[in-house]
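Below are structures written as structure tokens.
Shared between the two complexes below is subunit A, which has subunit B as its partner in the first and subunit C in the second.
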Partner chain A sequence: MGIFLIRRLNLFIATSIALIGVLFLATSLFPVSKTVALAGITSPSLAQAQQITDDYQLNSSELGQFIAYLKQRLSGNLGISTSSQHPVIDELAVQLPATIELITVASILALLLGVPLGVLSALSHNKLTQNSIMVITLTGYSIPVFWLGLTLILWFGIKLGWLPVSGQLNLLYQIKPVTGFMLIDTLISNSPYHISAFLDALKHIVMPAVTLAILPFTVVVRITRSAMTQVLSQSYIRAAEARGLPTRRIIMRHALPNALLPVLKQLGLMLGPFMSYAIIVEVIFAWPGVGSWLVSGIYQRDYTVIQGGILAVSLLIIFASILIEVIYTAVNPLSRKELYASH
Partner chain B sequence: MPAIKIYQEEHIPSPRRKLWLSFSSNFVALIGLWVVGLLLLLTILGPFIAPYSPEFQDPNALLLPPSWDHLGSVSHFLGTDDLGRDIFSRLLHGAHLTFGMALAIVATALLTGFIIGSISGMMTGLKASILGHMLDSLLSIPSLLLAILVVAITGPGLENVFWAVGLALTPQFIRAIHQAVHDELQKEYVTAARLDGATSLQIFWHVVMPNVWEIIIIQTTLAISAAILDIAALGFLSLGAQAPSPEWGAMVGQGLDNLLTAPWAVTIPGLAILVSVLAINLVGDGLSAALTPIRS
Partner chain C sequence: MGESGSGRTLLARAILGIPEPNWSITADRMMWNNQNLMDMSQAERRSLMGKDISIIFQDPSNCLDPALEVGEQLIEAMPTNKSLPFWRRAKDKKLNAKNWLRKVGVKDPERLMSSYAWELSEGECQKIMIAMAVAHQPRLLIADEPTNQMELNTQAQIFRLLTKLNQLQNVSILLISHELEKVAQWCENLTVIYSGQVMESGPTASIMSHPYHPYTKALIETIPDYDESISHKALLPTLPGSPPALQHPPIGCRLGPRCPEAQKKCVHQPKLCHYKDRYYACHFPYELEQNNDDATS
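== the complex of A and B ==
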């Protein structure tokens, strides 16, 4: 396991450096001068220009420039945003928690609803139920997420007026950001209205989270179903039945833990599309996260914001996928066989 | 009346025939196949049967609802948008932008992925491992971020979507084909062929490939549906197809301004995307269900 962890850490570092390399190549291709693309200052003074040249080693070879770029980015210097003139890293620190909050709520929703439904559909022998679940999940998988978001806004936000359609919190509430996660901030804030603020934040997150949860939900249902069907046909399940164990116990103790492994693996593979969807959902619901910030960055041709946003989101994905892989290997001894036996 | 068996021997259907029998017994997948066929026809014939040109603006019919609404008219079957453009004609003209381009992108990505994936799959050792790591890093950049990067470099436009989505899809093909070839190579029938003196090229084409085609087919259907969704999403964010273009996602984006007064300008193109992606997914699902019993 120790060797495995070191190899994964290696992979994380190698992938991150490759990613920064791609971004470095992109900066020299942006249709602006290199100093603007790197630091975000449109008309630098003489001292600033000298500083940028020194920081990014613009007079040395390509390799030297790349190492300087790597150093600057890893030390947290992402340049300043051309449009707002604030350091990109500070803006990122404000936006990132909102995105993580949305993603977490959506994943929890998808897992809490998807796993039981998948198990139920695996247990049912009714052809009609099975077919309808297949069609419903395929439909959910095929819905363009922007269209789903707009339709939800139209129905639940405007026609029925049940839920707020944009933002994270009503502007009436003044909540001091502590953790950046609005649901937590409103709960721990000492304002006299913090309970109603929490409920308001909860109302705001419902529609974006549901829109985002549709894709992982359908995937979880399908994978749980197929894994569960496969596990239930194994002989150890029949042995458990022969011993007279109650069905509930067989499913909860013997079948489900094994069926959840492929779900975990699939979740790791799905992170990329999931993140793409999160960006679109943030734009539609004006959610103040990295995605909408990144898209407004591209509209304003704010090259430092684009680099910073892509770097943050991709690092998040790489980290999460490696984390999932590590968890998968830790809980599944069978997958460790491959580590030792090379073919 | 049951058919009388004259001959003793049993007729055994060929694998391809078996696949078709198993696929066509799935009613839902068959519907999907029909819809895909229809979409292909519309992609080719759409511009010829559309009643209006996609940019034609009818000043007397602004924001006309679809014809089944009591305010609608049959001359604009699916209604018009805020500039009086006929939505039905725009959908027909947009079919080759959204659906046709998805096919073109997937074909390109498939070809590239097939060449690189099969070469790397036949290789072993360090080279294969380095390639695997590089693919992992490319796979970790979601298609939308890749598209944002491409747009930042070259500016928005439909041809940039081609590069962005293609770049995002190719690693998936390489990886799937690499993995499939690599897995097949471990099996004993390959060793048997090698002992018979087959060269690497013969092993690849005559021994390994027949077992890999199925995986490629499934991967291709998945990729087409992903490509359609990506093209539409980029059009919606106006990073791909630009404003007057009848690309379906861009149409949703253009209808956004009048979401409250004319929801059909958003709903109908969205439904078109949904139906085409759903049809492809149904076919892909039916294919993989039909292939599984043959494989195992």
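== the complex of A and C ==
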């Protein structure tokens, strides 16, 4: 297990360096001078230009430049945003938690609804139930997410007026950011109206989270169903029945843990599309996260923001997929069998 | 006993009550303890399983959950001691599990209980399955080819264990096997099944010495006689052909196409006849007339 963890850490570091390398190459392709693309200052003074040249070693070889670039980026210097003139890292620190909050809520929603529905569809021998669940998942799978988001806004936000259509929190509430996660911040805030602020934040997150959750939800239902059907036909389930265990216990204790492992693995593979869906959803609902920030950065030719956003999103995906793989290996005793063989 | 595909495992699962969802079971009468098993609900059947009727399967390592430690599954299968307060029951179950493992001949229960099923050998897994099966002191233990895929040493251990259980713990054992020699050695009563039909049934010794049914006779003849010298490369006597596909069984007696004694009458299903303590289903049984003649003369 120790060797496995070190290998995965290695993988993380190697992939991240490769990613930064690609970003570095892309920086030199931007249609502005290199100093602007790197630091984000449009008209630097002589001293600032000298400072940038020193920081990024612009007079040395390509390799020297890359090492200097790596040093700057890893030390947290992402330049300043051309449009807002704030350091990119500070903006990122505000935006990233909002994205993570949205993704977390959406994944929890997808898992909480998807797993029971998948189990239900695997357990039922009723053709009607099975088919209707399949129809629902297939529909959800094929609906374009931007259309769904706009329809939800139109219906629940405008016609019925139940839910707020954009943003993270009503402007009435002034909540001091502590963790950056609005749901947590409103709860721990000591302002007198923090409960109503929490409810408001909850209302704001419902529609984006539902929109984002649809795709992983359908995937989770389908994988859970197939994994569960497969597990239920195994002889250890027969044996557990023959031992006289009640059905609920067999499903909860023996079938579900075995069936959830492939679901976990598939979630790791889903991260890339999930993240790009998150960006679309953030733009639709004006969610103040990395996605909408990145898209507006692209529109405004804000090169430092583009670099910072891509770096953050990609690192998040790499980290999460490796984390999921480590969790998978840790909770799945069968994967340890493979580890024995490979080392 | 019967060859593979003859429906032995189906019979075992039907008796226990764990059919696949697409099976339907019909029986004239299936009695347990003066109760009709066919009339019982699924929940009642389930409460009988593991308590009164237990089963051990032919692939023990697949019958243990691969994602749970063996010990946890074993403890789960142990009976709860209702006389103890609930906070001491878990400990009692663990102790119980260890004791049963020792009883079935495991030397180091601690190691076994903290390992996973795929880390153990088939023999060890089968011992664990037996420990689980007998923990509730069942009255009937169905052993479905318990020594399949095991080496001879382990086979002998398992059979010794089953004999001991049978004699000391008062457990009836329904042994399902395809090896006639094994069955002849360990069983009191023998039922021969072919393609889902009972061919012959009765006390082992009398069947082995005087088979009535052509199929039984053919099976006994396939056991090589080591006393007489068999000529080099001689063929063992077997029935011609192979068992029929179960989608299209032959009409009447299913042995018909392969039977050396088959005649026109065999397209009608023979009834199960009763003679002394033996049952057979054949229109032309061996030795019966001769025995009758002996009895009258």
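Convention: the second predicted complex is superposed on the first by the 335 of 343 C-alpha atoms of A that agree within 3 Å, B and C clash if a C-alpha of one lies under 4 Å from a C-alpha of the other, contacts with A are read in each partner's own complex, and residues count from 1 in each chain.
Note that a contact is a pair of C-beta atoms (placed from the backbone, for glycine too) under 8 Å apart; a residue touches a chain by one contact, two chains touch by 3 or more.
Because the structure is a prediction, the values reported are computed rather than measured.
Trainee: Have a look at subunit B and subunit C on subunit A after the superposition and call it: clash or fit.
Mentor: Fit.
Trainee: Is A:L294 touching the first partner subunit B, the second partner subunit C, both, or neither of them?
Mentor: first
Trainee: Looking at A:L150, would you say it contacts subunit B, subunit C, both, or neither? Reply first, second, both or neither.
Mentor: Touch partner of A:L150: subunit B, not subunit C.
Trainee: Of the partners subunit B and subunit C, which touch A:A239 in the superposed model: first, second, both, neither?
Mentor: Touch status of A:A239: second partner only.
Trainee: Look at A:L334 in the shared chain and tell me whether it touches subunit B only, subunit C only, both, or neither; answer first, second, both or neither.
Mentor: Once the two structures are laid over each other on A, A:L334 reaches subunit C alone.
Trainee: With both complexes superposed on chain A, which partner does A:H254 reach: first (subunit B), second (subunit C), both or neither?
Mentor: second
Trainee: Taking the superposition as given, does A:P116 touch the first partner, subunit B, the second, subunit C, both, or neither?
Mentor: Neither partner.
Trainee: Report for A:G76: first if it touches subunit B alone, second if subunit C alone, otherwise both or neither.
Mentor: Once the two structures are laid over each other on A, A:G76 reaches no partner at all.
Trainee: Which chain, subunit B or subunit C, ends up touching more residues of subunit A in the combined arrangement?
Mentor: Comparing subunit B with subunit C, the partner touching more subunit A residues is B.
Trainee: With both complexes placed on chain A, how many Å separate the closest C-alpha atoms of subunit B and subunit C?
Mentor: Superposed on chain A, the two chains' closest C-alpha atoms are separated by 14 Å.
Trainee: Quick check on the complex: what are the subunit A residues that touch subunit B?
Mentor: Counting only subunit A, the residues touching subunit B are 11, 14-15, 18-19, 22-23, 26, 29-31, 131, 134-135, 138-139, 141-147, 150-151, 153-154, 158, 271-273, 275-276, 279-280, 283, 294-295, 298, 301, 303, 306, 310, 313-314, 317-318, 321, 343.
Trainee: Applying the document's contact rule, which stretches of subunit C touch subunit A when the two form their complex?
Mentor: 13, 16, 18, 21, 46-51, 54-55, 57, 59, 62-68, 76-77, 116, 118-119, 129, 132-133, 136
Trainee: With touch defined as at the start, can you tell me which subunit B residues reach subunit A in the complex?
Mentor: On the subunit B side, the touching residues are 28, 133-134, 136-137, 139-145, 148-149, 151-153, 155, 186, 225-226, 229-230, 232-233, 236-237, 239, 249, 252, 256, 259-260, 263, 266-267, 270, 273-274, 277-278, 281-282, 285.
Trainee: Using the touch definition up top, name the residues of subunit A that touch subunit C in the complex.
Mentor: Within the complex, subunit A touches subunit C at residues 125, 234-236, 238-247, 253-254, 257-258, 261, 332-334, 337.
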